[in-house]
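Let me begin by presenting the structure, written as C-alpha cells, before commenting on it.
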C-alpha cells in the first residue's frame, strides 16, 4: 500500500513544485485532475503524444500516478444539467451530456497513454434531491436514473474497456450512487461489468451513519482506488445543526465537515484492517478538504498519521 | 394540550366514520387535508358557505379542528416544478406557482370560515438537492431560494394576515427550510412576520441527528401546531443503509423509517417537557406514516402512549 | 399474536389450578413440559388415548396449547452424556441417546394426539465447551458435532414429519446451535428440512451481544415458537463479573441474569416489529427464570408489559 | 413496599385536605415535615400529648406515617452557621448548634409518640465547599468535619436510641456525607451504631455519576427510608452548563435539575430490583421538586409510574 | 502556538536547572509562580530592577515567559478567608483581602517589568460551596459574590490596565467563576473590560460534563493563556465514587483525577481545532498535577503527545 | 517495565535468528515455550546442564528471559482429557494427568536452572463448558473442579516452591479460572499460596465485558507476568456473530478476534496506569495471535505502540 495525494489542492502551483514538496514529505503517488482547466494535466496534449514528458517528470521525483481524476466532467453525464454545472460546460442538457461523455472517453485515452489503470470520477445524477421519496412520484424518478446511468455510462465504459482502463466512481452526495444500496444498484445497472468500480472515500459515508468497513467488505475487489479523507460530526454543533447542514463549508457552526485523516471520526484502524482483508493493496490518495487547517498542515499531518497504520502483509497461517 | 389526529390516513373512509372511530379512542381534535382531492374537506365548498355543516359534524363528535393542512399545494409555490408534482398540478412552472399560490390563499379563507387559526403545509423548494454544496455554484443557488421564499410566501401571508390565520410550515426534507438553520433563514426571509411559524414534527429532525428539544427551545412561540410522529434509525440496518436511504418506504432494510409515537427514537418526555417550558399548549396531531404497523394499531397505540405523558400545568413556584 | 406461558414454573401445583390462575391474568395459551416427571403432562398417557381429557381441561379455561416442550430429553440426543444428565437418564452414552431419541419421538406423537403443531426442545451438544477453539483440535471436533446432529435428529425428524409436527430448537448455551451462525449450520446439517426450526428466545442471544432482531430477520419463517424472556447485563457487576459468569443463578454479583420481560435489556419494541415483519403471528410463551422476583410478580408483570406491545396487523399500503 | 408522599409540597394547604387528595390517588403513607413552621406537624404539641389526634387523622384516610422529617433543623447541627441558616435559627454558631440539637431530640420524641420508627434529615456540614481539596489545607478541614459529626450526632443519637427511633440521613450536597465514600465515613464516625442510617434518594447521586444501585448494595440494611425522586442531566444544556450549575432551580438552561420519577435518568427498574435484593420493604416517599411541572401533575404521574414497578416478593427458589 | 510549562512542579529545583531540562525536551516557554515563597521568581526583586537578570536567564535557554501566575494570592481577594488560606496570609479577612490585592498589583508590575503580557490566577470565592442552592438563601449569597468580584477585582484591574498587563482567571472549583455560566457572570461583573480574560484549562470543565470546546467558542478572544492539563473520569471508580470525590488526590479509588495530556478524557484534537478557529495562537502551558505518574514521565509524555497536534495555520480558502 | 515477546510465533525459525530480529526491533526480553516439541527450548536438556548455553545465547543479544511458558502441558493437569489433547499426550486421563504433572515440575526445574522466576501456563479444566449452569447438575460439577485444582496443582506448586519459581496461570477460556471470580476461587483452592499467581492477558477479559483494570486492581501483587495482547469485538459483525463465536480464527465474519496491541479495544493507557498503581514493574510480553496481519507487521507495530506508553515511575508526592 502506498500513500499518495490528489494534487488538486495545489492547482495554483506548478506541478513540478508540488511533486517536489510532496515527495519530500514521503508521498509515493499522485492523482491528477484531468478536467479542462486543471493546471496539472492537459489530457488533450497527452493523447497527442505528450505523455512521455509527464511520465518522466513524475518518475524524476520517484512517484507514480495512481489515477487520473475527472469528477467535474463525469458529473455532466447524468447531470445536474442546470446552472450549477455551467462553469464546466454551458449549454443544453444534450450538449452537456455529449461534452461530458467525450471528455470522459478522452480521460480514459489519456490514462492509457500515461500507463495509468484507473480513472476516478463522479457519475452524476439527474436530480439527486429525489432520493427522498416525497413527492411520491420520486420513487419512480430515482429508479429511472439508474437506467440512464446504465445507458450513458455503458457507452463510456466501452471506451474504457478498449483502453484497458477502469473507472472508479466516488460514492458521494449529488451522485446517483451515494450509499451502499445505490452503489449496488449502479453495479447492477452496468451489468456488473468489470470496468466499473469505486473510488472508496470513507468521509462521505460516515455522516450518513454508514460504517465504511461495511462498504469495503461489500464491494471488496471493486474498490479500484481510494481517497484518504476523514469527516467529523462536529459534536458541539450536531444537536442543533444536524448531519446534513447546508451553506458554506467554513461555517463554524456546521454539524458536519471534512477533516484531515485522523482528525475526524473515521475508524482508520478498522478501515486498514478491512482493506487488508479484501486484498486492496494499491494507493490511499490524500484529498485535502478540511475547512479548518491549512494545506501544509494537512499534507504533513496526513502522512504522519497514516504511515504507521499501513499493514504490509496478511497473516500467513494460524498456529495457535 | 389535546391529542388530535391528521385524518389523511383514512382518506378512503367517510369523514363521519373516521370522526366517530377516533373520538371513541379518545382523540379530541382533527387536522384535515385541504388539497384538491381530499375526501375529508372541500375548501371550495367551505368558502362558498359550506362551513357550518362541517363545524356541526365535528362538534357532534366532541371534536375541534386543530388545523387545515395543505402540504401538497404549498409545495407548488417553490417547487419542485418537475414531473414529481404533476399529480397535483400539471403545467408550466409559472402555472404551478400560480395555482399553488391561489390554493394556499383559498385554504386560509376556508380556515377562517371554519374558525381554525392555523394552516399547516410545506413551503416547497426549487431544488432541494442543492443543499449539499457541490457543485460549488449550489451555495448561491440555495441562498437564492430564500429570496423566492420571501417573495412568493410574503404574498400568500398577506392573504393569511387579512384572514387572521397563521401558516405553520413543516420543517421537512424537500422543503427549503428543512433543519434548524434553514428554518431560521426562512423566518428572516419573511422578515419575522408573525403569520409565519412552524408545524413541529420531531420525526424529520431525528434522523438528521438534530435534537428536537433544541428546535422547540429555539423557536418557542413560533410553534403553531405539531405532528405527533416518531422516527427510527433502524439499528440492524443503519451501518449498511445509513440515515438517508432512498427507495420504497416499506423496504425492510432501510436505515431510517417513520414510526408510531413511542416506537421510534424521539425522546418524548424531553419533548413534552420542552413544549411545557415554551408554553405550547395546543394540539399534538397524530400522523400515521409507520410503514410497518396498521392504521388501527397506530391509532390505538399512539393515544395509549401519549396520553399519560401530557403535563397539565407548569410548576407554580419553587419552595425548596 | 397470543401471550402464553410455559407452565413449568408451577410444576409444583396442579395443572388445573395453574390454568385457572393464568387464564384469569389474561394468558391465552400454555406450553407444557413433556419430559418424564413433568407434573403437568404425561405423554405416555396421552398417546394411549389420554389426549381428550387434556384438551377439554385446556379448553375449559379458554386456552390453547402452543407447544409441548421437551428440553431435557432432547438434550440426551447429542449429550452431554456425563453425570450432568443422569437425573434424566442414567446409563451409557448409547443408552442415553436411545432413550432421548425415543422420548422425542413419543413427544411428537403426543403433540399430534393433542393437535399441537410444535414441539420445543434442545438438540444437545456432545461437548459444548469445545466452541472455544483451543486446543486447536476442537475446530474439527465442533464441526463433527453437526454431523451427529444431522444423523440423530434426522431420524427423529422423520418421526415428526410422519406426525405432521414441527420441532423448534431453542438456541441456547450448552446446545450445539447456540448463536446465529451455529443455528445456520444446524439448518444445513438437516438439509434445510421444514420440520426443523427454532424456538426463538432473545434472552440467550442478548448477553452474547447478538441483536435478537438479526436472528428474527435471518430465520424468519423458521421461527415456529418463541419464549418471552428477558435478560440483563447487570450494570453494577458487568465490569467485574463479565457476561459469562458461572455459579448459582442467584448470586447477587453476577454480570448476567435472566429477567421478566421488560426488566432486562431486550429491545422489545424492535423485537415485536421484526416479528411482524417476518410474519410470526403465533404465541409468545412467557418463561419465568428471573432469579430475583417471585413467580406471581413475574406472571403479572409480564402480561402487563407485553400486552400493549402486540401489533395486530401490518400496514396495508403506503399512501404518503 | 408502599408508595408514600412527603407532604411538604402542599404545606400551604391544610393537612387533612392533602391527606384526602393523596389517599384518593393511591398513596399509602405520608412523611411529615417536623421543623418549626411546618403547617402539617407541630412536634411541641405532639410531645405534650397531641399525638392521638394526629394518628386518628392519618388513619382516617387509611394512611400511615412513614417518617418525620427534619432536614432544616438537622442542618444546624453541623452548619453552615452563616446567614444561609438564619431563617431557621438566628444566632451564634453555638446557639444554632444547641437549637438544632434540641430540635432533633424533640423530633425523635415526637416520632416515638406517633409510633413512627424513622426520622429523616440532614446532618449538615461546617463548610461543604471544602470537599474540593484546594487550598490543600481543606483535606484536613474536611476530615475534621467527621469528628464533629461523630460528637454532635452521637449525642443526638443517644436520644434517638432511648426513644427507639432511627435517624435516616439524606446523602445530599451541602451535607458532610454527600456521596458513597463520605457516607461510609459518617457510618465510621458514628461507630456504626444502628440508630444511624440513610434516607436513600437517588436524585442526588445521579448527577455525580454515581450508580444508585451501588449505594443500595453498599448500604443495604442501613437504608431506613427512601425518597422517590428523579433527576435529569438536561441533554440540551449539559455540554454548556455542566452537572453542577448554580443559580435558580427554574433556569431553563441548567444542565441538571430534579424531576418527577420516570422523567429523569434514574434507572428505576434496576433500583427496584436492588431494593428487593437487599430486603428494603418499607416506603418510597415521593418528593416533588420538579422545577417544570405542577404539583398535581407530579402527584398523578409519580404513582402512575411507580406502582407497576413494585415487586411484591423475591423468588422462592431456582428450579431450572 | 508554542508549548510551554508551568515550572511550579520543579519548585524544589533551581530555576536554571529546570529551564535547561525543559528546553532540551522541546518546551519553548515558561509560566512562573509569582507568589511569595516561589523559588523561581521573587516579584519584589523584579520590580526593584531585577528583571534583566531573569530575562537573560530565560533567553539563554531560548525560552520566553508566557505568563506570571499567582493563583494563591489571587485567591485571597475573594476568599475563603478561613484557616485554609492561612499558609498564604494569616490574618483577619480584611488583612487577607488587602494583602491579596497588593500582591496581585505587584504581580502585574513584575509582569510589566519582565515584558510579560499575562498574569494567570484565581479570583477566589467568599464561600464556594454556596453554588449548590440549598439552603435557599444561598441563591442571593452566590449572586452577591459577583458584586464583590466586580468591586475588588475592578480595583486590581485598574492597576493591570496601567501596566498594560492582562489578567487571566482560571475557571476552577473554589473560584466564584467555575463554569461557563459563572464565567459569563464574572465578565459582566467586570463590565466586560478587556484586561479581564481567562486561563483556559480543560481539566476543570471535563468532570463537570462541560465540553471544553463550548468554552473556547463562547469566550474566544478572551482566552489569554491556557493550561495543557487533562483529567480522567476514572471508569472503574466512577459509578461508586462519582465525579466530585473528596479526600487525598492520590486515593486509588477516586472517580476523578487530573492527568498528563493524552492520558485523560479531554478531546485534544477538537480542542486544538477550536483554538485555531477562535484564533488563539499563544502558548499551551503544561501543568503537571497527575497523581499517578512522575514529573519526568509527565514532562516527556506531554510534549510527545501535544507537539504533533499543533496546527500551524488556518485554511486559506475553499476551492472545492 | 520492559517489553518482551513470546517467541512461539517464530517457532519455525532458529531461536538465534529470532533473538537477533526482535532485539533489533527493541524488545528486551523473551518468553520461551517449554512444551515438548518447542523448537526454542528443550527443558530436558536444560535440567541436564544445558542452561549455560541458553543463557549466553540470550545475553549475547542483550535480552533476558521473562518466563518459561508451558500452556500445553499444564492443560493436561485438569484436562480436558479427550481427543483434543491427544497431540500433546495420547493416553488415558490418568496418564495425561501424570504426564502433565511431571512436565510442569520439569518446567519449574528448567526455569530455576535458567534463573527465570516465573513459569506461565494454563491450569486446565475437566469440562470447561460446565461453566454455564445447565443442566443444573453442572453447578456442583464446576465447583468440584476447584477441588481437583487445589489437589493436583498443590502438588505441582510444592515442586515450584522447592525451586523458588512462581507459577502464573493465564486466565483464559477453557481454563477452570477464566474470569475474575473463578480466578479468586482458584486462589482460594490453593490456600492463597504465594507460588500461585497470574499471567495477566487483557485480551481474554475484554470480550467477556470485564474491565481489565478491575482484574489488575483486584489481584495486584499476584500478577507475576503479563501478555501484551489486544482483542477486538468486531463492530461490523458483533450484532450477528456475537462475542463468543466458534470456528476458524480467520473467519472474516467473527464477532471477536485477537489483535496486535493498539488494534483492538483494550484501554491501554488505563491498563498501564493501573499496572503502575499496583506496582507491576516487570515485563509486557507480546503474544501475536492476530488472525489478520503478518508476524512482522505485529512485531513492528506492537513495540511502536507500547513503548511510548510505558511510565517509568510513580509520582513522588502531591504539592498542589
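For this structure, a couple of remarks:
Letters A, B, C, D, E and F mark the chains as written, and numbering starts fresh at 1 in each.
Note that in this section contacts are C-beta pairs under 8 Å (C-beta built on N, C-alpha and C of every residue); 3 or more make two chains touch, one makes a residue touch a chain.
Just so it is clear, the structure is predicted and the values come from calculations on it, not from any experiment.
Interface comparison, C-F versus D-F: the pair with the greater number of contacting C-beta pairs is C-F.
Superposing the C-alpha atoms of chain A onto those of chain E requires a rotation of 120 degrees, given to the nearest 5. For the pair chain D and chain E, the distance between C-alpha centroids works out to 38 Å.
In whole angstrom, the spacing between the mean C-alpha positions of chain A and chain D is 62.
Inter-chain spacing, taken between the CA centroids of chain E and chain F, is 46 Å. Within chain E, residues 134, 136, 211, 214, 235-236, 239, 248-249, 320 each touch two or more of the remaining chains.
Every residue of chain D that touches chain F in the complex is listed here, in rising order: 134, 136, 320.
Within the complex, the chain E residues that touch chain D are 72, 75, 80, 82-88, 125, 127-139, 141-142, 172-174, 179-182, 205, 208-211, 214, 218, 233, 238-249, 253, 255. On chain B, the positions that touch chain C within their shared complex are 8-9, 11, 235-236, 248-250, 252, 262-263, 289-297, 301, 304.
Against chain D, in their complex, chain B makes its touches with residues 211, 213-214, 217, 267, 269-270, 273-274, 276-277, 308, 311-316, 318-320.
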